[in-house]
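Note that the chains are named A, B, C and D in the order they appear, and that numbering of residues resets to 1 at the start of each chain.
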Amino acid sequence: MFGTGLNKPLHGSAKALVERMNTSRSPIISVDLPSGLSADGVIADAPGTVRATHTLTFQCPKPAFFYSECADHVGDPVVLSLGMDVGFLRGLDSDLQLIESADVRALVPHRGRFDHKGRHGHALLIGGSQSMIGAAVLAVNAALRSGTGLVTAHAPGCGVQIIQGSAPEAICIADENHVDISSLPDLKAYSGIGVGPGLGLNSGGMLKLLIQEALVPLVLDADALNTLSENRTWLAFLKEGTMLTPHPKEFDRLFGQHNTSRERIARACEEARKRGLVIVLKGAYTAVCAPSGKVYFNPTGDPGMAKGGSGDVLTGLLTGLLARGIGPVSAGILGTFIHGRAGELAAERIGREGMTAMDIVRLLPDAWREITS
Amino acid sequence: MFGTGLNKPLHGSAKALVERMNTSRSPIISVDLPSGLSADGVIADAPGTVRATHTLTFQCPKPAFFYSECADHVGDPVVLSLGMDVGFLRGLDSDLQLIESADVRALVPHRGRFDHKGRHGHALLIGGSQSMIGAAVLAVNAALRSGTGLVTAHAPGCGVQIIQGSAPEAICIADENHVDISSLPDLKAYSGIGVGPGLGLNSGGMLKLLIQEALVPLVLDADALNTLSENRTWLAFLKEGTMLTPHPKEFDRLFGQHNTSRERIARACEEARKRGLVIVLKGAYTAVCAPSGKVYFNPTGDPGMAKGGSGDVLTGLLTGLLARGIGPVSAGILGTFIHGRAGELAAERIGREGMTAMDIVRLLPDAWREITS
Amino acid sequence: MFGTGLNKPLHGSAKALVERMNTSRSPIISVDLPSGLSADGVIADAPGTVRATHTLTFQCPKPAFFYSECADHVGDPVVLSLGMDVGFLRGLDSDLQLIESADVRALVPHRGRFDHKGRHGHALLIGGSQSMIGAAVLAVNAALRSGTGLVTAHAPGCGVQIIQGSAPEAICIADENHVDISSLPDLKAYSGIGVGPGLGLNSGGMLKLLIQEALVPLVLDADALNTLSENRTWLAFLKEGTMLTPHPKEFDRLFGQHNTSRERIARACEEARKRGLVIVLKGAYTAVCAPSGKVYFNPTGDPGMAKGGSGDVLTGLLTGLLARGIGPVSAGILGTFIHGRAGELAAERIGREGMTAMDIVRLLPDAWREITS
Amino acid sequence: MFGTGLNKPLHGSAKALVERMNTSRSPIISVDLPSGLSADGVIADAPGTVRATHTLTFQCPKPAFFYSECADHVGDPVVLSLGMDVGFLRGLDSDLQLIESADVRALVPHRGRFDHKGRHGHALLIGGSQSMIGAAVLAVNAALRSGTGLVTAHAPGCGVQIIQGSAPEAICIADENHVDISSLPDLKAYSGIGVGPGLGLNSGGMLKLLIQEALVPLVLDADALNTLSENRTWLAFLKEGTMLTPHPKEFDRLFGQHNTSRERIARACEEARKRGLVIVLKGAYTAVCAPSGKVYFNPTGDPGMAKGGSGDVLTGLLTGLLARGIGPVSAGILGTFIHGRAGELAAERIGREGMTAMDIVRLLPDAWREITS
């Protein structure tokens, strides 16, 4: 699915021409793909690959457009229609999918006139440690805007007042430990669980227990992933459908160093397939890697989201979606799309430089409205 | 008032026809009522009762429209006018009433130019426990938007900073106990009292004392109701006009299991009449059951309110209305209408999925304005 | 200035006619004044005084319009112009003045391009006790919107986190006592001091010391006034220009029971003159009573302000104005006008029922803008 | 660069004429400069220098316009174009520069589609003490709106809950000391450090260590500067490019008393050059004094910013800009411009009297948008 990983480099006069173009400072427009770059993002020889200002491609974006290492070659990509039959294209079974608004709309669960809060589940967020309670605040507030019926936070004692003051709609259970989380609440009440935001690295015992005992969908993020990296044998105990939401560094700590986005995503898909996990590899184009081996690229998002806390917001949102009974692949697709769209709205309305993660939380409702109205 | 509870099932070819219709996947429009469903909501034989897409009925909605178990049969109800004289209809003495905007306007107390805060009462909210201080925050903030003159919260020690930080307009008294409420403040100052939001189940002693000592209107909600369920003999000591605001599960814990909304509401009316209580049975169409035996169905509300904390907001609002000197039946009618309307505004402006209980609080003022301008 | 206090009652057929009118349920329009009511608000015989629906008066409102006991007789007052020369009227030296927007504009201090924060003073707010920290939060936030350069709060230990979380622009000094204020900070830094909001009755020692030691303008409110009532000998030590901001009950505790607004205001003027105080007697038409014997009635305000915390907002605002170097009479006029106008804006935009004291704080900037632009 | 500091006073009939004009109460319009005032702001003889209502000058503002001691002579300055070639003027190498919007736009770092948060640095804010945690809250919130990738606060134990509740996007490390900061966190993670807001005077040990150990750009403000004043030998250890952000009093404590803005700025430039520092001398026209000896005057700002906390906002913003890798002179220019512009927006939208420092924080994103769109 990720091609052969091979790509023939240019040489001779073609290579010389490309090198000359790249130093010309003139605008360069590539058609289809920059010469030297393969559609699946392999760069055989960087100096001998065109660094386009714009790349005009046809009908569908190419995977290369989603990889950071290709960005300097692709420049600004533009997808032009050839008038091909869209239904036919969609019918093609590709392992690489671009998430589209219509796909996402179909995943929103129905909310009936007589539904009570129990119908939309009860999310449990486990996170926070002495210096990172704010991460839990962000995640809990995002979960509260996920459409789930009820949200409970489990936090160290030092975080309870902060969370209750910032999210009065949530229940907040104090861990017996004041500065870190060392135990689990009774898990029976919850239909979806998220763990990690602001957790720190002192909660391994709790995390191990959670992996063993949780019977409902689970999402692991941030320091839960870092703890997992230090205890990789636990990976084998993750139940099918468990979600991991690493950024590239967290992914590499878990599954080894990767030099390109292409290789990392390929590995994520392999791990997702092998272990039955849903791996949400975060980045400019977040990749939702499903146990089926398919990868869904999320087109929404804004560079203004590249700030502390954006990931905590996603985890809270995903936890709420899981709690509602949405399957983990669907939750990954729906969650990353809404999260990214809220970030785009924040960039539009607040601005790319000045926006913060809490602004993304505040705009989740507007992102929901776009796909439910 | 709730009819005979009997309804003759269809049989033979009529039943066969209905069963065929129900599996046809075609839109089904029922006129008056779906065949097999009685106006008062009895379903004699579910498979043999039409499952309409829409039900067109005449002049008034039928009680069946307000019961969740009938929803799949009624589909989307539409009430059509037959040009009947509305004054005549209103003059008919029915035990089942639909709350209308005009009724609600008439219940708003006059606020005179020279009124001081003492003229609009002093509400006392008793609630909160270690992990559920947020529920008290919501109730107190709702009470602050009820038009009452002054609001005091009585909370466990651990909740005082949170409530004072979130509701500076309120006084907040710390219980001698840090994590639960174990005692009562001097009750002389208050003209209306609400108890329950976030209370937990360790405050039975306080609740018993409150029931014995309170001389002003009282509303019991949430864990106050659950504590009452475990001490049903206390029911006999509730003063006339005391309000209970159970959701269906809380109601059933108090008064026994009921299988249908119709039966539960009938029982609520019976208990309200027998005990002189006002029972606000919460749901998509909240039913305010009065000691007179009448039941007032509230038409406002939105499925987006089916989330943790919405009930706490209602309790706070009702407490404030009682404190203002509004009678408990009127408070129930006025409070559920405004609360539901604020929820509708939240759904419109913030969105059904992303809205939270605090958004309902924030929109209470706008709901007030609609009925006071 | 408050007239003779005498008013000849109607009798005979005139009285009978009035009594008949009052029971007629017809609209009654009085011209100039309702028969039986004097311009200065004396009601000789209530049953024999017309209870008008509207009173049409000429050129200026009559003092009677500002007294709550006359409200049922005056109904809705309307002031009609006779085309009299406004300049002439203003030139008349009356002890009773109605504050007008133009007067208020003239009192706003100039803010120069090169002014630093030190030019606009440093306000000290002393208030809060265990259950009433919110009152201090309201006062501090109002002071922050008074235009003063810097605001410091002095609060009991239990209130420091709450105030700092709610008003980060302010400095907040913790008293050595955790639940009440028992000591004073060094007063040298401050140019205006307010004491009272949320203070409770256990801070008499501190208050006595403050009265003795403060060398800058001082405003006493709420429990500072109640403490003063219990220690009336301290009145003699209040420095000239000290402001008191009682509501009628607090006033009566200080200076004895009064049966009518007219008598209470007359007494306030007498005390203000005798003691060199500025007494701001709060009500629907707040009266600023100056040492000169003049009283300035504030026309702004809304019945929606009759809720807990409105007075704390006024105190915070007045403290900030005093700190800026505005004289106490001017501060009283400017402060009550802006405060009332912010309340009117809250009523317009948020609504009379749903508005709270914090909404008044939030609208202080808009009230300022109306008189500075 | 600051001229000779000499200026020949008027005498004889010229002086008499000026004195007569100054007492005339007529509007006075000066052309070029008020007689008696030199372009570089020297007032040889104040009574003999024209006090203009307006000064019409040509092509460029004169330095005198930026000095508070000249304000009464300059009145409202108006700069008129002579049609001179702007490119030519800009090409002239002057040590005194007026910051312009176009200069500022060029300093905004590029934010690429694939940038992750690590690309925009990690800011460390060190500040807060028992009574001044709010200053740290303001600085941290400003840093969060600086476009940096991550913000960490280091605060005394008593401040951690407040900061985490007010800035959930930030990490907040508790000092081992509860009321003051006495130690440093591990500095390796940070790319820019700010110290001072709300610090108090008990953190000298920490500050000394920080100056010794910090390897990344550093900004010192408020009590960090006051501590430095008491330990002036430490000045020699400040690394090249360190930023100081004194207001005039703090500057004079550091570098001796100055009687005029002109002298103070001249001294700041000398110190900046000698010590390799960037000195941001705050005032109505904040002067960014570079190690090159150049001074950049910031034209944005509003008198409504002359309130407690405005400086803390600037420090937080500058810290974030340094963390992003912007050089200290550029950070000074960009930061003072955006900060002042946010203050202008606050004055426009909230109002000069009612605005607070937190309003400036809230409007930083809008100020960013003006220069990035």
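Throughout what follows, a residue touches a chain if its C-beta (ideal position, glycine included) is under 8 Å from a C-beta of that chain, and two chains touch if they have at least 3 such contacts.
Owing to the predicted nature of the structure, the values given are computational and were not obtained by experimental measurement.
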Required steps from chain B to chain D (each step between touching chains, minimum): 2
Co-neighbours of chain C and chain B - touch as defined: none
Same-residue or different-residue interface between chain A and chain D, half as cut-off: different
Between chain A and its twin chain B, rotation from the CA superposition, multiple of 5 degrees: 90
CA centroid of chain C to CA centroid of chain D, Å: 40
Between chain C and chain A, distance of the C-alpha-averaged centres to the nearest whole Å: 57
Per-residue multi-chain contacts in chain D, two or more chains: 161, 165
Interfacial residue positions of chain C with respect to chain D in the complex: 108, 111-117, 119-120, 144-152, 160-161, 164-165, 167-174, 364-369, 372
Chain A contact footprint on chain B (complex, rising order): 68, 71, 130-135, 137-138, 158-159, 161-162, 165-166, 247-248, 283-284, 303-304, 306-310, 350-358
